[in-house]
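Each of the next two complexes has chain A plus one other chain: chain B in the first, chain C in the second.
Right after this comes the complex of A and B.
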């Protein structure tokens, strides 16, 4: 994996052209090339790179002159904040809507919800983001269109969740990022509800004369939440990846925007480091979700012991 | 009984058509799609200007509102962009690029994915588990990430984008084909074909493959739509197609900088075109899924 990414990225373009002042003389060009280590053959560069990774060093950014890893870690909190908020949005919007559509499948409003969820799937994220900017920022002027607002430190965490300005900046990008997942949660919840309503344990709970609220809130939710949590866990990785698009539109200073900027400026070490980190992220998330799954669902554990 | 059925016999194609027509929305979507393709094909003959012929573009026409009159005398119903191109013309030319990329990527991914899936299903053993492991790994990453990674490696341009899209999508086809082919291979007609002493290639291509086509068509439509969306996303981010290969995504990206000053139309109209294309392909795909799914057969 590291091999493919490293070699691949290092074949494109010549960063020297991008970086050096066009009026620089030959001696200065030579000096820069040597300083960046670009004069060495590519396999030597790769070995050097591998050695660096071993000690957590992905090389220095050509543009910023800082270690690539530090640069990415510096941008990471903004992305994680965005991804977490949109995950929460997906849950608090998606589950009630899905529950409603599942409990009353024949109502017109339910059909509307389902049609909306199809749109949420098929519309390109970036286009919806643009429309949101157009409507809320340019036309109505309710929300700021770009950037991250003020941040404050609370409970030792620096986040824009703690300030009004920060929240108003966060709302649009987070909703934009959440759209696909809201649709996903709606569909999962609806399917889960419709399946579970015919199960014996629901019928039994009703026959016992339990209040419908208790049947839905306890008996039903407990069972449909498992697949939703699993899928959302896996989706967290996708959110981090998709934030590339959202961050570019809303100029959110996170990892994704850093990646696009670095790609456009041929800042190789940052691109390589980003790709390695995001792959690592995915592997870890998949592992954690797998473990969580068996913790949450006793059936999975029993099956494993049986075989 | 066979005689009674004989009276009502209809070819599979007829039945397919009748079932497809049951959904009015799907028929409408198919119609819209046909119109879009037609518009894209006829673009040079039905647009007032070739937006990429510098002789026909006048910078003085730049950023005109929808409905304004261009210097050359025709009306720009959808306005013009920053360089003075008529947006209606630019959108039709952009549709050509977007559809070409989407169809080429969709078709290539279909062929490659199908071939790999068939190999996996037919050879079994270690080859199969190796291929399927690769498919699983790939499917656990979102397509946009894989495409971005490849674009980072390959660079920009139409051919490279197609490669990136194919690489991001082949696994969907491979997984489906393998699953279907495994089911089909276990059936008697395949066994019969083998007993006749037919060659492996003939059994796979003439007997197994035709019976795997239904799910492939469904995935093909949906994946083509997502290829178009993915291409426009990459182009919007500035890492997809170049300005010289203006797809809808590139047009939207060009209009982005004018958005803040209230000149909405430059990215709004190409976006609508993109949207209508993607949604209508998806609607057709949805109906195909319902019609072709053997589990729902009445």
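Right after this comes the complex of A and C.
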């Protein structure tokens, strides 16, 4: 992985032209090339990079002169915030709406929800984002258009989740980021419900005279949640890693914006470090998802593997 | 329940949307500085932001003219020595006094910042700073050097108490960001905001703003939206497509000004077999761009009025030389070449290529205002006179390397390129030295001469100008060098960029030729 990323990033363009003042003369350009270590052959650069990783050093950002890892970690809280809120939005909006559409498929309101979910899938994020800014910030003036709001420290965590200003800044980008996932959850839930409603265990639960709320809330939900959790887990990874478009439009100071800025300006160490971290991230998320399965479904518990 | 909560959020934000007190200013910036350290990265956005906090010995006014900063007067006392009289009674933000020691140690630190991606050595090399007394310094050079004031105006002065030994990180956290400038450092949060407070003890005109917040919003539409929504009071780099819409808004005011940036075409003057010049049908051809008539024909075939009106939506000024009028060293004899397609065809015939040839124009697509569209327009205009022109544009991260040294032995890869040049020094020697002087790495000349133009007459005049300390004589030499280069069509100037700032009604920005956005330039009407 590190090999692909490193060499992939290093064949494009030349960062020196991005960094240097155009007034600089040839001697100055040479000096910069040497200072960045770009005068060395690429395999030497790679070995040097590997050596650094061994001691937790991903190299220094060309642009900021700071360790790439530190830069990424600095931008991470803002992105975690955004991804978390948008994931919660996807769950609290997606599941009830999907459930409703699945339980009453013939109703006009259900059809409306499903049509809406198609729009949520197919409209490009940047366009929806801009439209939301136009509507909520420019015309109605309800929400601030861009940026991250005030932060506060609560439970030892500094976050904009704890302030009103922070939340108001967070609402639009999180919703924008969540749109696709809300639609995804709606469709998954509806499909799951439609399938499960005809299963014997649901019929049996009903025949036992259980309250419909219990039938849906326990018997049905438990069975349809597994695919939803799998997908949401993976989607959470993507939300964290590639919220590039939303972060750019809303000038959200997160990792996605850092990534796109670094890519455009050829800040190679940051791009490489970023992708390495993301790989790690997906591994961790998949592990968490697997653990969640076992909580929900006793059949996949680890200890049962042996028997 | 959740609905109620989000309603609360909405209500809360409506309350927050009430305009802030008039003395606070929030500016949406298109580009973000990479550090608060004034010597970390010698690049436009950094230099603009650090100017709020750190003064220079000499300041550049909105037209890049030199005006007294921390030095009250300066002159060359002999060919190799410049004397600077320092301003007395100036205090740093922490109360410590400013004197000659600060200047000496600032100049020492400027070129020596670790990990600097583009250092200030460009301005300090070949110069040594000597303290004469508390309020006098001499800067000595090895050869006569008339551009001293321009170079000095690029070096920020930090404090010998807190700044000279500090690291870039100390500047970013604020512990070293102590200058003598009109604003004090409050906070810096990369990607999010830079907050500054008024320096009430400022030696010069005090700013009207008590608190200034600079917010980087790189996406053009988002920046405009932030202004429309009232989240920021002013934005820079208004996208040309939005200018006409914003002009119609009663609650907004636009400020425009020509920049020091010329957009021009460079042609391959050197190679007889140029990689992107082909005979009709694709065969080899002796590079016709080396013939003066062909270069003149290309210049005449370009309808600069159409580019300014259509492509740039009126927001540009057609160009006839390297810098707009009013700058030091500009020639008053040069006018933009008129559009004359028939004349261009005659010139092609005279040059022995009556049926034209095949050419590819290369340009960036994310560097200058509407750059890709300009390249396309030029492709069509040249095709009309018989030079069949292909257009190829690419992101600047790829483009500039290839255009500067993508070919064998680090030669320029392309034959015909669209580029821009902003004269950082604010006078004509900057483009003359970098663009049309012979490529000579040892001397540091022709660093951006992507056409490898070489004319001993131009070199001689530039060399002479750069050794002439007398302003009038130098101005004449620079104008003369420009005339020789332009009449020989070393490059084909297209237009000067015009920059646009948009602000709330009642605010006005004093447009700057160096494209910088400074809070001190925002005035109430």
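Going forward, the second predicted complex is superposed on the first by the 286 of 307 C-alpha atoms of A that agree within 3 Å, B and C clash if a C-alpha of one lies under 4 Å from a C-alpha of the other, contacts with A are read in each partner's own complex, and residues count from 1 in each chain.
As a convention for this text, a contact is a pair of C-beta atoms (placed from the backbone, for glycine too) under 8 Å apart; a residue touches a chain by one contact, two chains touch by 3 or more.
Computed from a prediction, not measured in an experiment: that's the story for all the values here.
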Partner touching more residues of chain A, chain B vs chain C, is chain C
| message | Contact-wise, after the overlay, does A:286 reach chain B, chain C, both or neither (first, second, both, neither)? | response | first
(message) Quick check on the superposed pair: does A:187 touch chain B, chain C, both, or neither? Answer first, second, both or neither.
(response) neither
Would you sort A:133 into first (chain B), second (chain C), both or neither based on which partner it touches? both
In the overlay, answer first, second, both or neither for which of chain B and chain C A:238 touches. first
Ask   = Between chain B (first) and chain C (second), which does A:125 come into contact with in this model arrangement: first, second, both, or neither?
value = first
### Query
Thinking of the overlay built on chain A, is A:275 touched by chain B (first), by chain C (second), by both, or by neither?
first
| said: Which partner chains sit in contact with A:259 here, chain B, chain C, both or neither? Use first/second/both/neither. | reply: first
Overlap of the chain B and chain C interfaces on chain A comprises residues 12-13, 130, 133-134, 137-138, 145, 248-249, 264
Listed in rising order, the residues of chain A that touch chain C in the complex are 12-29, 31-32, 35-36, 60, 62-66, 74-75, 92, 130, 133-134, 137-138, 141-148, 164-165, 167-168, 171, 248-251, 253-254, 257-258, 261, 264-266
Counting only contacts in the complex, chain A reaches chain B at residues 4-5, 8-9, 11-13, 118-119, 121-127, 130-131, 133-134, 137-138, 145, 234, 237-238, 241-242, 244-245, 248-249, 259-260, 263-264, 271, 275, 278-279, 282, 286
In the complex, the residues of chain B that touch chain A are 140-142, 144-145, 148-155, 225, 229, 232-233, 236-239, 252, 256, 259-260, 262, 264, 267-268, 271, 274-275, 278-279, 282, 286
Chain C residues touching chain A in their complex are 2, 6, 9-10, 12-14, 16-17, 28, 34-35, 40-43, 114-119, 121-122, 168-169, 189-193, 215-219, 221-222, 225-226, 228-231, 366, 395-401, 404, 421-422, 424-425, 430, 434, 441, 444-445, 447-448
